[in-house]
Amino acid sequence: MTLILNAVAAFLLLTLLIALIRIWRGPAPADRMLASQLFGTTGVALLLLLAHAQAMPALMDVALTLAVLSVLAIVAFVTRVVRIDRPSSGRKAGDQPETHHD
Amino acid sequence: MTPSLLYAFAGVALCSIGLFGFVRIRHLLRKLMAFNLIGSGVFLLMVGLAQRGGQPDPVPQALVLTGIVVAIAATALAVVLIRRYYHLSGQTTLAEPRAKRAKPPAPTANREGSPE
Amino acid sequence: MIEWALDGLLVLALLVTAVATLASRDLFRAVVMFIAFGLLMALVWVRLQAPDIALAEAAIGAGLTGVLLLDAARHLGYGRADPCEGQDSDDGQAGPSR
Amino acid sequence: MMRFLGVAIMVAICLAFAGGLALTVWQIAGTPAPVNLPHLLAENLDASGVDHPITAVLLNFRSYDTLLEIGVLVIAGIAGISMAKTTSLEDPDLRTSDSLLYALQRWFVPLMLVLAGYLLWAGSDRPGGAFQAGAVLAASGVMMRLGGIPMDFLRPGMLLRFGLALGFSVFLLVAVASALAGSAFLAYPEAFAKPLILIIEVVLTFSIAMVLLALFVSAPVNRTEEPEEGEAG
């Protein structure tokens, strides 16, 4: 059973390695940010798997914390980097960071 | 060779990668990230080396826990300093191009350019 | 055996993200890579049987550091690609309001 | 050419550094540890007042380190606040108008507060404790700040100073009191160990969250009249 759990964990890590490619290449900032959110969700899955594989129930708390706090990065992204709102601040339209390519 | 020792060697690699970046990179925010990489490498080295027998050792873990909180406070303070520096001088690298110093001191040189 | 593969993959991913953080000229990409590095560090602490540190790293690496660095990267203007770090021509052209 | 030479020298230095460090690690790994710390800790855990070994190390056996750590944090917080312009502490420009974000905040900020309380409570017999709870508490404050929920208590007024100083002063008070009571500096009397550790953990959580939040908030924000990058040539 532990063998299967560890194998699934290794597979999820492989997924993360592929997500790294998306972070590196993703043309728009939103692509990179979403790939890093994939790190958050897959990290939660990995933590839950490892909690069973290593017989450490405390890892559930870690998964909970990770799930709650990885939202913070995307909130920072939409409020500070992309700026989805700000109707009243009088910024010019050209101020919005457009998708920029490498 | 236990897995803990593998992580200790990963910590060694992280330290040297971070050291290279810390010296070579000029952009202050990226320099800060390199500095954080060095810190993570040191933490990995400490815990990995202490647990080489395989059983968890709470004492270095507690030390590293303290270290992580101090590291995030130091990072936050450095971000405040870097942003203030950018605000005052308008540049993201250190003023003297050839001087490889670590951190900008408080930017007293451009005090007259302080906004507001 | 499979545990060694897990550890090896984790170390590989850790080193790849570390190198990518430093090698990236685009500041925003470097910051996102660093967030990914923090999440991987939480997994490493789990593998090292240190759930306390994993908890702190999950709270700090995933949440606070990411927000701090994203905010700072926006402030410093991630849009301008950092020129080669050997050259020192990146002195910000966006001067403050004098 | 000169740049290539510089990079090559730097690579050589870093490789030498890595090699020396790896050699040291290898040699240390070959020798057995002189003292068996986990065993020693497990023997003395009953005297510490808490059941979780890491909390015992942090707040009883090595509480001197933790005292110094909260001192460093308070100094960093003071330095950060002194960098801040007072106007940036609350910024109506940051208030969000996006309804999705607003709903997310209304659900997540209480959730984070509950999580912080849970982590603090868990610290006595499970992984968790003041540092993690403080980080989560600071994160909930950062969440409020990101959506522009006004945080009047973070003006450089009484409450902020009180919150910054609380953890360090209570910790120091306990230390000095225990020194005056006859035993050594920071040696808790065994009967009071558990409630003292509990009090210290609560104030430490509050103080750590305050320091981190103050450091986050005190970074200068982009003002509207400030030239944005890319348009001032």
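Order of writing sets the chain letters: A, B, C and D. Residues in each chain are counted from 1.
Just so it is clear, a contact is a pair of C-beta atoms (placed from the backbone, for glycine too) under 8 Å apart; a residue touches a chain by one contact, two chains touch by 3 or more.
Model, not experiment: these values are computed from the prediction.
Chain pairs A-D and B-C differ in how many C-beta pairs are in contact, and the one with more is B-C.
Centre-to-centre, using mean CA coordinates, chain A is 22 Å away from chain B. Centre-to-centre separation of chain B and chain C, using mean CA positions: 11 Å.
One finds 19 Å separating the Cα centroids of chain C and chain D. In chain B, the residues that reach two or more other chains under the touch definition are 13, 17, 20, 24, 56, 61-62, 65, 68-69, 72, 76, 79, 83, 87, 115.
Taken residue by residue, chain D touches two or more other chains at 7, 54, 119, 127-128, 131-132, 135-136, 139, 142, 146, 212, 216, 219-220, 223, 226, 228, 231, whereas all remaining positions touch fewer.
Listed for chain A are residues 58, 61-62, 65, 69, 72, 75-76, 80, each touching two or more other chains.
By the document's touch criterion, interfaces exist between A-C, A-D, B-C, B-D, C-D. Of all the residues in chain B, the ones that touch chain C in their complex are 3-4, 6-7, 10, 13-14, 17-18, 20-21, 24-27, 29-30, 33-34, 36-37, 40, 43-44, 47-48, 51, 56, 61-62, 64-65, 68-69, 72, 75-76, 79, 82-83, 86-93, 97-98, 113, 115. Within the complex formed with chain D, the chain C residues making contact are 51-52, 54-56, 59-60, 63-64, 67-68, 71-72, 74-77, 79-80, 86, 92-97. Residues of chain C touching chain A in their complex: 2-3, 5-6, 9-10, 12-13, 16-17, 20, 24, 26, 28-29, 32-33, 35-36, 39-40, 42-43, 46-47, 49, 51, 54-55, 58-59, 62-64, 66-67, 70-71, 73-74, 78-79, 81. Put simply, chain D touches chain B in their complex at residues 7, 10-11, 14-15, 17-18, 21-22, 25, 28-29, 33, 37-38, 41, 53-54, 56-58, 62, 65-66, 69, 72-73, 76-77, 79-80, 83-85, 87, 131, 134-135, 208, 211-212, 215-216, 218-220, 223, 226. On chain C, the positions that touch chain B within their shared complex are 3-4, 7-8, 11, 14-15, 18-19, 21-22, 27, 30-31, 34, 37, 41, 44-45, 47-50, 52-53, 56-57, 60, 64-65, 68-69, 71-73, 75-77, 82, 85-86, 88, 90-98.
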